[in-house]
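Naming follows writing order (A, B, C and D), and every chain is counted from residue 1.
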Amino acid sequence: MKSKTMLALAAVTLTAGAAWAPLAAAKPPVANFAVTEAEVLAAQKAWGDALVQISKDFESGGRAKATATASAVLDAAYGYKHGPVLFKPTLTVAPQTFRHTQEGALAYFVGGNKAFPKDDGFALKGWRAVEVANDAIILEGDVAMTQGNVTLTNAKGEKTTVDKTWVYRKDDEGKLRIVVHHSSLPFSPK
Amino acid sequence: MKSKTMLALAAVTLTAGAAWAPLAAAKPPVANFAVTEAEVLAAQKAWGDALVQISKDFESGGRAKATATASAVLDAAYGYKHGPVLFKPTLTVAPQTFRHTQEGALAYFVGGNKAFPKDDGFALKGWRAVEVANDAIILEGDVAMTQGNVTLTNAKGEKTTVDKTWVYRKDDEGKLRIVVHHSSLPFSPK
Amino acid sequence: MKSKTMLALAAVTLTAGAAWAPLAAAKPPVANFAVTEAEVLAAQKAWGDALVQISKDFESGGRAKATATASAVLDAAYGYKHGPVLFKPTLTVAPQTFRHTQEGALAYFVGGNKAFPKDDGFALKGWRAVEVANDAIILEGDVAMTQGNVTLTNAKGEKTTVDKTWVYRKDDEGKLRIVVHHSSLPFSPK
Amino acid sequence: MKSKTMLALAAVTLTAGAAWAPLAAAKPPVANFAVTEAEVLAAQKAWGDALVQISKDFESGGRAKATATASAVLDAAYGYKHGPVLFKPTLTVAPQTFRHTQEGALAYFVGGNKAFPKDDGFALKGWRAVEVANDAIILEGDVAMTQGNVTLTNAKGEKTTVDKTWVYRKDDEGKLRIVVHHSSLPFSPK
């Protein structure tokens, strides 16, 4: 009879079980590859801080210093090392609107690249503060998406508000990387 | 000796193995929840077709008919049923720039909602053709992201080109749903 | 000069900005599709509770009642509706070791299916308690994975401990569904 | 009237559009982070090849050589660098059944670690061939899951068939890494 077999099995296992200690009550390790809201907010703040830093480095050390900083920022905060990034900066124009290579992104931030003649360096405009106001956030596993306003303040206290979408992907080291960035000036009805 | 034990085990298993048929050579079922490029391109085409359909339904049946169609399109193509959608339409203005609810999206497409007084119905503008030119695509498991230009042609043959980012999420039924949509007019330097 | 253009833009935006209220300080909605550790632990407990329920329903209402309960449990807790489930039950034998269809899983739990002649109903064995001791957990976005011991206690107080791996996938409604289930008796060296 | 505004917008954009070339017809870059079935099958084959290689290296160079090879295999094929791996080897016993650290996995494969006194080196048993027969496969974005039989053949031609579940995760470099591995001898009814 089958249920007898099962009980026998249970007994055997129980006996075997008696010979060894049960798993310790210690909490098992939990590896969490998902992006949290706190990580998203920290990544947004870091982006703003980096923009201000590039502006200040430009002022103290010229384009060379700003370029070094911007290049490091792009390496650290964007996903260009792992593939194309969907980047539509605020002020680019066709036919170079989209910057899916790191070279194109760097040109946008600091200018000075003849291959992108209309770029004069968005990050060099004397930025002093960046404020993010998210409209909504989606946490989708190792990907997180945000949309809302970002307000930039320059050294004269002038503010520019843009509509911004970011998508982040958490990499193997647990660091968020921007894989989508769409920024646009607010629509102005005529 | 341990290796003896192992070989004995192997022998036992072998004997047991002889008693039953190996797994059939038939191909095992493969469930694929990832988004493919073809699915993304089909979803983009469906979005354009839907926009044209809403325009035509408006012309043949007025706002009521267009609203019914648009509502069905939003139900089918966007992820509002599962949570907020990050939607920045082309022509919205603050403080109603972002439309993370289905009501706000519907108001944008067909107007007629007093809660969104500046919306006059983007989908009612006599659209006749929609063309998508992707700049780059990221397929990230059950999420896919695209960025590029979308060109809309109206009944007079006039064209409007916008910069567009879409993020799709594949749902349990295998259908792509838009969870991020950022659309903006190209930047025009003064 | 470009930076002039930029500052002009900033000014324009600032002016426009003055005309409308900033985004409210209200917390933006956050949609989280990732699986949390708490959800995993709750799903494990629910699995154990369901197994005990099937045993009790068998005792009070026979196989018919147990089958109805087990079928509902499989519908609710496993992912069979969305595709094959990788299920290796503890006591199945070749050539029916793996049960990637719901029919096969149901047969394992309650027996009575001539297509699975060796199944006598694992869930009908008088189970009274189920205890899970995870060794480690991986949270991988909308997928979560656990491995460890599960100890079952029957009405006589006899215990059976199995080695168990579960993978859960969060569905569109936010419910965890088992998509991988590998259970095995501990190895017993000869 | 609003639609007039819209048409004016369209006209402006059209004019602007005339000044620049449309996006080239070239295929946009597509980054695909999802796991394909072919990648899964290749990873399974690589696992088998590696097991055979460790056996051969043991025979030609002793445990030291086998250990070096096994360590490299674990680094390359498993996800230990990024967090715990859920690994239940075929022949481990409590209280060291589960090996969520690389040290524990290496001890299982090649033995010689006093911290794991019951391990005598599973990979050193003279393996000559490994055959995988999947029962079903789930591709879930950057995660893929398989379940089925794996049959190992040793130098004497003796075969051992195990029930095996693997879950792979695609890393940033596009390489599959085993994050779940549950292996068990087939259940033998008494």
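What to note about this one:
We adopt the following convention: a contact is a pair of C-beta atoms (placed from the backbone, for glycine too) under 8 Å apart; a residue touches a chain by one contact, two chains touch by 3 or more.
Predicted model, so just to flag it, every value in this text is computed and none were measured.
Relative to the C-alpha centre of subunit A, the farthest chain centre belongs to C.
Taking each chain's centre as the average of its CA atoms, subunit A and subunit D sit 27 Å apart. One inter-chain figure worth recording: subunit A and subunit C are separated by 30 Å, centre to centre, where each centre is the mean of the chain's CA atoms. Here the spacing of subunit C and subunit D, counted between their Cα centres, is 22 Å. Touching of two or more other chains is recorded for residues 9, 17, 22-23, 29, 31, 33, 83-84, 91, 93-94, 100, 135-136, 138, 140-143, 148-149, 185-186, 188-189 of subunit D.
Taken as a contact graph, the chains are fully connected, with every chain touching every other chain. Of all residues in subunit B, those touching subunit D in their complex are 2-3, 6-7, 9-14, 16-17, 22-23, 28-35, 37, 91, 120, 122, 124-125, 133-143, 148-149, 151-152, 154, 156, 158-162, 185-186, 188.
Looking at the complex, you find that subunit A touches subunit B at residues 83-88, 90-94, 97-98, 100, 118, 135-136, 138, 140-141, 143, 145-149, 163, 165, 167, 169, 179-180, 182, 184-189. On subunit A, the positions that touch subunit D within their shared complex are 5, 8-9, 17, 20-23, 29, 31, 33, 81-84, 93-95, 100, 141-142, 171-173, 189-190.
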